[in-house]
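You will see chain A twice below: alongside chain B first, and alongside chain C after that.
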Partner chain A sequence: MAGNWLLPAETTTSGRPVLRPGEVEFSLQPSVDLVNEENPNFPTFKSGLLILTTYRLLWLPNPESTTSPSSSAAVSVPLAAVTHIFQSKRSIKGMFASPRVRFQVSVTPEGRVQERGSKSMVITLVLRGKSDPDSFLGKFWEAWRGKAWEGSVSGSVEGVEGPGSLGDGGGSSSSDTGLALKMPVVGVSGILRKEQEMWESTDKSLQDAFQDLNALMNKAKDMVMLAEKMRQKLLSGSNSQANVTNDEEMGSKEEMQDWLLSVGIVSPVTKESAGALYHQQLSRQLADFVKIPLEKAGGIMNLIDIYCLFNRARGTELISPDDLLRACSLWEKFNVPVMLKKFESGVMVIQNKSHSDEEVFSRIRSLVQKPDALQTGVSATDAARTLGIAPAMAKEHLLAAESKGFLCRDVSPDGFRFYVNIFQDIDPNDEYLVKEYGVYDAWIRATIASR
Partner chain B sequence: MQKLGELKLPHFFNYPPYFTLQPVRETREKQIQLWKELILDYCRTQKIFVVGLEEDFALFSNPAIERSLNHEARVAFLSAIVSDGRAEWMDKGHRRCLILWHRIQDWADIILRFVKDNGLEDSVMTVEEIRSGIESRGTDIHGMDRTVLMRALKLLENKGKLAIFKGTSTDDEGVKFSV
Partner chain C sequence: MRRRAGIGGLQNAAAARDQYRLLGENVARLRTDLMKEQLSTFRSQLEDFARKHKNDIRKNPAFRSQFHEMCAKVGVDPLASNKGFWAELLGIGDFYYELGVQIVDVCLATRPHNGGLINLEELCKLLSQRRKGAREVVSEDDCLRAIGKLKVLGSGFEVITVGKRKLVRSVPTELKKDHNEILELSQAQGFVTGEEVERRLSWSTGRATDALETLLDEGLAMIDEGHRDGKRRYWFPCVSSVSSFVASETI
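So, the complex of A and B:
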């Protein structure tokens, strides 16, 4: 069918493209049409978001304009299939029309885009957004000439590691160019030597990386690879040597793994690559990113914690707190499963939409009705311990329960404590009446018992 | 159950949040309601007419739980009584509050009943006699605040139930009943 003349592309739930390992975004262009001028029967992709990566050209439909799910499919053109990029012609006509970028791709006889296809076809990009077509064309050339996909097509992770790899498989040494002669790995000394080699190579790449920022940027990909590799190594190590490792080592290994895991956003959205779409794209990426930490933290997290985690994952392309806040506040416009919540005190948190305050509320309810809590109340610290959350967050929950009329506060030199609200159980017409089986009754029993 | 003077204190007097002004509206309304009742009850049993905010007032602190009302809370509770017409601020700074545990109208009725019970319908008494004389002993009138008494008497004067006449000093003020 003519409709799928381009390859489909995967997207995340928040509408960000799913990038392949090692794929990095280069440039984003809003409102771009993708037209096949040679074959007008083929459907045109109108006014979508064009993302140029090191591997592909991705076209994503405009989320505001799409109504039917069938038209919302994202498509892609692998740069490997591009055979030629035409220089833009300057003409009088071109002054008034939207700038166009033409390139030639190889296609199958049926007209489907494919690498090394037998026929070729010209695709036109119509850039309707306010952008600089020349700089885009430059980046397009750069990405195409860079042939970054060739490293990935060869597939294996080893291909990118270069000399002095961690080399846990026997076959990997054959791809090493530098070391023709390798001592066989025998016995304890062999293992030690291997460790030493690994150390040296790690040390070398670290030193290289920190020589200057440019070098660091160049090494960023290797670093992520290395991190991933070390993680794998630790993971397999802890399994095979279970009898040797004690708990402490296990703990530190797990911690190390967590650190390494948090290294890896391979293609951070930057102001340079996304331009005007910066906050929108950042917002989507953030929505994808927070899912896992949110789950670990029980569905709710402080905005500050997210800021730290997110920036650590981004590595060098740090974002400002203001950018983060803007990205979060854009979530309202997108269909993402997370939301930004502002407590009355001004504390801001990120929480899953499915996360219910009701659950926390019912846990607080049972906490304050324990005999101890009836007598002496609960502080934010007590609640934090029981709920397993930060004291500041616990206090927010307590204040929320208070505003619902379930708790009362007690401010004294002893501190700020919360009690179950017994006012509701007291009859205003008879102050001495105690209803049986109410919280007032329970409170009296608990306090009398303590005397 | 604890007692303060003649007054049996309700259980919630030992509830620490009772001594912190609650910020949530519904809870606060309930709390204020309970305080109003307790303050009026306490003043009635102790025959207290004036509550000074900066003076010690036994009801405003509970040594058993080491809690006491702060100034803001005291003002809030007394103001609530004032707006119910059961108390009046005696100064602009809201430092002293006159508690009318009987309304002026009720005081007037009590005085009339006292006059009838003692057969004083046409007699003459000094104001001081009404407050501290032998006849009023055992009634609410005994030892009542002079300001409140004068206002109740004025109310009765306006209704033609008595006439107030002045002597040489305030102590000499007298009343001629004509019930």
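So, the complex of A and C:
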């Protein structure tokens, strides 16, 4: 099967790759071809988006060239399967052709990319975009050598304050495991001693890790685990000792839960990684991100709230309000389920497309066809109460429905009132003709009944 | 262990149990104290790093995600840029953007209590609490400048002046449910007074005034200053038509 020599990759509805836990994007390259030069029988992948992550090389088809959202066409090469990356050769010929990056991967005898496959194959990346091939090659090397996937495969590394971390001599935690097992924990004193050692080792690892930035980078994984443990203990500790009302403790607990701080986006799109594709990719990432908060907020949200939530999820990788606005305005080009809406007052909101006009109109239509409303009409306030939205918003919707011809307005001292439009049911040639089961018919019945 | 018989044995066992319990409690208390101490060290170190090595952290995507995770887990805000000279002078740099995000964060967090209307003073106080790691105090002027940066995202976020105080409104009229509550309240009599709104819905004066003024602007309310008690009444003809009230009063 030459068709699936690469592994398939998942994408989200807005065309962003689905990353694995802990996977982070390194670099994005536009219009890249994937070619197998040794065996031209294999299908080539033309002019797609190449994404280098800490775990994989992902190739996504160009959304503009493919008509259908063929998410299944996205493919990946695990970096673990890469056995060699060739240095680029400079030649006269290379000055005119698009830069190429070659690397060797291990494959199964059938020619499928796999870790530790028995055969090998050379894949060529043809970079047609206006990007710097050398910097990409550098990042490729860095990601490949970083071997970030190994940590994720072998599961969680041992905890910092686990039994293994006696921490004498500052050795790595895993190598001390044997020593820990030799020391028997006997009786109360044993337990106490163990506690003591645990605290000392935690203290020490904290000290070590925060010496300078490089130390922290090396110990990052352990520190993340330590943070998680502290959090768990603090949260569970104050629950179990509910009778001990310690103000300080409650304060810090609240601090942890109250904040919107969250690592919602592990791999934020940045200018550095995405380059020219920045706004386009940002737009897609944003579309994926807003789904959950929108659902919680009932399908509509202030753009500024989104700005805060999105930036919070991105951590230190802040985007400016202008970038957010550009990302939102790009949605019109993509097939995403959300949209930006601007009110006349200048307020901008993000809403689900399903939440938009069609659904609201159908609810307004059913509202104005109730017997009461047929006689007295509805005001913006009535609509607001029934639809569960603010009056100002309800008025907008009613006016929009009016402009579509569903409603007619009546202006009186009581204010604006809207009635169902029965003009469209009246036949201009025979105004006395009442079609059965039409709105006109229903209106006549309601009027007669009230007399 | 051999079990000893008699009252003496029982008393011994009880005493031992007590001792163990006491010890256990002590250890537990010690443990919590120690952990709190370590946690605060952890936090202050992270805050320091976030401030000092911001650019280095951002350069390395893999480490960045780990750093964020640490911050989120122990409750440290990774946004801690110093204002610096250029930010103060020209409004450039990340400081005001970061502050903007934090301001919206505070507004979102307090929204359940205040309905999206917060006193600027209070906002500054809450911000300073959260930025206690940073040495600089956040002034009201800083807040106003940071809010100004959000203008691009529509007019949903604004500073309004009620009396002498400045209030920050984070919920635009289009998305505000406060008005619905007032209308609900007015159904009983056809009108409400500001006082009544504050009392019945237990809102602050600013929140009530703001909501009533907006309803007035929208043309949903009419005011009546001429009543005997001297309190301004807001009538809502849209809730139930005026004529029906006139009729019921004359009868």
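Miscellaneous remarks
Here is the rule we use: the second predicted complex is superposed on the first by the 244 of 451 C-alpha atoms of A that agree within 3 Å, B and C clash if a C-alpha of one lies under 4 Å from a C-alpha of the other, contacts with A are read in each partner's own complex, and residues count from 1 in each chain.
What we mean here is this: a residue touches a chain if its C-beta (ideal position, glycine included) is under 8 Å from a C-beta of that chain, and two chains touch if they have at least 3 such contacts.
The shown structure was predicted, so the numbers you read here are calculated from the model rather than taken from an experiment.
Applying the stated contact rule after C-alpha superposition, one finds that A:N421 touches chain B and leaves chain C untouched.
Shared-chain residue A:R326: touches no atom of chain B or chain C.
In the superposed model, A:G405 lies in contact with chain B only, and not with chain C. Of the two partner chains placed by superposition, A:R193 touches none, neither chain B nor chain C. With both structures placed on the common chain, the touch criterion links A:K46 to neither chain B nor chain C.
By the document's definition of touching, of the two partners only chain B reaches A:W443; chain C does not.
Within the superposed three-chain model, A:T316 lies in touch with chain C and out of touch with chain B [touch as defined at top]. A count of residues in chain A touched by chain B and by chain C gives the higher number to C.
Once the two complexes are laid over each other on the shared chain, residue contacts for A:R128 go to neither chain B nor chain C. Once the two complexes are overlaid on the shared chain, A:V434 sits against chain B while remaining clear of chain C.
In the superposition on the C-alpha atoms of chain A, the part of chain A touched by chain B in one complex and by chain C in the other spans residues 413-414. Across the interface of their complex, chain B is touched by residues 377, 402-403, 405, 408-414, 417, 419, 421-424, 426, 428, 431-432, 434, 440, 443-444, 447 of chain A.
Across the complex, chain A meets chain C through its residues 22, 24-26, 54, 146, 148, 188, 191-192, 195, 199, 202-203, 206, 210, 213, 216-217, 220-221, 223-224, 226-228, 230-231, 233-234, 237, 241, 248-249, 252, 255-256, 258-263, 266-267, 270, 272-273, 300-305, 307-309, 311-312, 315-318, 320-322, 324-325, 342-343, 345-349, 379-382, 384-385, 389-393, 395-396, 413-415. Those residues of chain C that touch chain A in the shared complex are 20, 23, 27-28, 30-32, 34-36, 38-39, 41-42, 45, 49-50, 53-54, 56-79, 94, 97-98, 100-101, 104-105, 108-109, 149-157, 170-177, 179-180, 183-184, 214-215, 218-220, 236-239, 241-243. Across the interface of their complex, chain A is touched by residues 8, 10-12, 14-17, 19-20, 22-24, 26-27, 30-31, 33-34, 37-38, 66-67 of chain B.
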